[in-house]
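In the part that follows, the structures are each spelled out as structure tokens.
One chain, chain A, appears in both complexes that follow, with chain B as partner in the first and chain C in the second.
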Partner chain A sequence: MLARLEGGLADFQSGFAASLLSAEKVADRRFSVHRNNVKASLVAALAARFPVVSRLVGVEFFQAMALVFIERCPPRSPVLAAYGAGMGDFLDGFEPVADLPYLADVSRLEWGRRLAWHAADASTISIEALTAVEPDRLAGVRLDLHPAASVVASVWPVISIWTTNTGDEEARPIGPDWVGQSALITRPGLEVFVNALPPSAELLFRSLSAGVALGEAVARAEHIAGFETAAALSLLFRTGAVTSLAVE
Partner chain B sequence: MTIRTTNLALAAAVAAASLMSVGAGAQTANTDKERCYGISMAGKNDCAATGNNSCAGQAKADYDAKAWKYVAKGSCMNMEVTLKDGMKRKGTLTPM
Partner chain C sequence: MTADRRPRGGLGAGAGLKPEHYRDILDGRPGVGWFEVHAENYMGTGNGAGGPPHFFLEQIRARYPLSVHGVGLSIGSAEGLAPGHLQRLAAVVDRYQPALVSEHLAWSTHAGVFLNDLLPLPYTEATLAVVVRHVDQVQSTLKRRILIENPSTYLRFAVEQMAETAFLCELARRSGCGLLLDVNNVFVSTANHDFDPTVYLADFPVEHIGEIHLAGHASIEVAGGESLLIDTHDRPVSDRVWALYQSLISRIGPYPTLIEWDSDVPTWARLSADVARAESLLSFEEGRHARAA
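Right, the complex of A and B next:
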């Protein structure tokens, strides 16, 4: 140990941290016990964070996959609850799950729910706040979206996959007529909600969250097939995605 | 479109949106509700704990013991249903 310290404390620490998460064998038995505990806790944290992904691939596969994830994407923050952010991108490039192309988006949905759960609290407003605005000033209204509100867009039926693997003991088969789904995740109170956002309304959500005024945000989305202003606005308010509005 | 007609279209959409907001089937706050098992009629459940039926409206039998329905908090245990064989049973907060 002393010999290792001679190389400098910083070197020792970075070597320690690096070998903590690597798959290589280490000579020191006590270190290997510690390393095992660290990895087991991270795998358990990931399994808790991505229960649906785990169910889709099976517990054993998930644990092995989690070890690869831990090695490639080690924690960047001491906050365990913040660990797992890169799972979607990791799964996109993880060859063994290439035949489950929807898996990455399912993990993004699970991650979005986690973000919503830990996001700041805020009170929401109903659509009546918007109907109270004079028609001539509506276009200039800016909506503040809830810190917990986010959208996970997918070409896969992520909500159906997530729902059946969350609530059902036996997963329901998804019919041949499935379509891609965008999930609107909100947490107006103490419960996280997942609602289907029409894909055409996704741009509206993104524009509004970027602070674009209502008139301009609607104008950008209007040319998208299937976009209905009323339905999209109704959904945003109803699910608790809006916290306040400002009239110019 | 002129600015004027754009504003009118937006106002009309907002008015329509406020009408849609009642009972439009989105998942919204259920914090004042509780899941009550064994009281929902076939096809009228909100979800289920297990079994072949899965979620909203998929229960195949009346008063399926594993299907649940959202009810006002505190009211589940007081709900009584009469089963086919004439037995009476109360709702429960966990699957039967």
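Right, the complex of A and C next:
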């Protein structure tokens, strides 16, 4: 008897959930309160997560676009801080914004900042910890990177676009000689920082975060024009991307 | 420190904690009894759980009692609690050792999709069996009693076999959980279902209450000209909800009472004025009940 009725609850919830997510009109006006709650609250969560994307496309467009995102990529966890991870890939394939090809990377930068805000805490070390290592042992050093540290690499001037649309009342136009930018996102304390990372340093970051020893990581990056070991390492330590090192 | 003479857990009146007020609270050290947080706001993301939310919450926790209020377990889902979520809740509870832990009589996850609303349940024996099983699972994992909150509802279902108050009473009796009585939700639901809130409160199993919520609501007009109350938590507690609250505690005595204000968050001064109002009503009842005892 109970089992049959529990089946009833499961069926009830399946039908209810399907109607909530469907775009079809529902007969019950009261039911629409729940549908509006679900959609409006998720749109608001995404707008809070991606304010620069919203500014770039306009609030109304963003809301309509967010509804499509919600339909294609509904949240899979009650932790809404984790909702929006797929926005970059979604925007890459979203035809109506094809004329804003940098939009996806801007969303990845905003998402990276959000992840950094919530990431685990860790204390950072300064470059003196590295310079104190005996020179003949430097190549074997492994650096541990901060849980909040990440890189968003872009062929677009993603930092310039994000900066002017975050801080300026009226966005400044990007000059004709713009170049692609990679953003190093860090949060050594309570504040999230975004710094430009030269392409060669980006490769260094990726090697180090994969656990590659310093000598090998530098060797991989050295092939890229303009790579300066000292400058790249200095940036990583200065921005709070390094939490500890181990000498082999 | 003066001795705590409160009969009901020593908490008095508290406020829902909002990031907008972290600094006001830490700088001003207001005389508020306790704070309540939504558990989900402190569960972090894939790279751990740290940063400013925990930096501030840890300092506030060091100075005030805390209540952890979950909004995402989906206790009423036939298919089970939201996957992995009980472990996340347990981590928050373990980290902050709150005085109270509560969740909702609702469901919000289905087929792996989080619907971000507290969805209504039909009050049947079958639903009761599901909810009792899940509350038991939560209490076993957390190794503590939790409180379950009465919802704001807009819909009723033909299959229902019992009133909400009877459902909650049976839930508390069978699972050993306590109840979080949200007086605003009572006002909203009874208005929406053309029912007398004083009758609801008279039927409510008050012996299981562990906490009371007060919040603001809005009236909207849905298509067809019907008006509905919605628990928006975006404005002051209404006078009629205050009146219900006052008459309730005058009957049952003082209980930890929270002012919830979750959107269009006001200044700390405005929010704390409502907390002070609840505190003064609680103090009055406390004195009266102490004299009567």
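Assume the second predicted complex is superposed on the first by the 234 of 248 C-alpha atoms of A that agree within 3 Å, B and C clash if a C-alpha of one lies under 4 Å from a C-alpha of the other, contacts with A are read in each partner's own complex, and residues count from 1 in each chain.
Assume contacts are C-beta pairs under 8 Å (C-beta built on N, C-alpha and C of every residue); 3 or more make two chains touch, one makes a residue touch a chain.
As the structure is a computational prediction, the values presented were derived from the model and not from experiment.
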Chain C versus chain B on the shared chain A, clash or fit after superposition | fit
Give one of first, second, both or neither to describe whether A:112 is in contact with chain B, with chain C, with both, or with none.
-> neither
Contacts of A:88 with chain B and chain C, given as first, second, both or neither = neither
Could you say whether A:215 touches chain B, chain C, both of them, or neither, answering first, second, both or neither?
-> first
Touch check for A:147: first (chain B), second (chain C), both, or neither?
-> second
Look at A:8 in the shared chain and tell me whether it touches chain B only, chain C only, both, or neither; answer first, second, both or neither.
-> second
Apex chain A angle, CA centroids, chain B to chain C, rounded to a multiple of 10 degrees, is 100
Does chain B (first) or chain C (second) touch A:199, or do both, or does neither?
-> neither
Which holds for A:135: it touches chain B only (first), chain C only (second), both, or neither?
-> first
Please work out whether A:190 is in contact with chain B alone, chain C alone, both, or neither, and reply first, second, both or neither.
-> both
Least Cα gap, in Å, left between chain B and chain C after the two complexes are fitted on chain A | 12
Chain A residues touched by both chain B and chain C?
-> 190
Which positions of chain A touch chain C when the two form their complex?
-> 2, 5-6, 8-10, 12-14, 16-17, 20-21, 28-34, 37-38, 41-42, 45, 74-82, 85, 114-122, 147-148, 187, 190
Chain B residues touching chain A in their complex are 3, 6-18, 20-21, 24, 26-31, 47-52, 54-55
Chain A contacts chain B in the complex at 126-128, 130-131, 133, 135-136, 138-139, 163-164, 167-170, 172, 188-191, 193-195, 214-215, 218-219, 228-231, 233-235, 237-240
Contact residues on chain C for chain A in the complex?
-> 40-41, 43-55, 71-74, 77-79, 82, 84-85, 88, 107-117, 119-122, 124-127, 129-130, 154-155, 157, 159, 192, 220, 222-224, 226, 228, 230
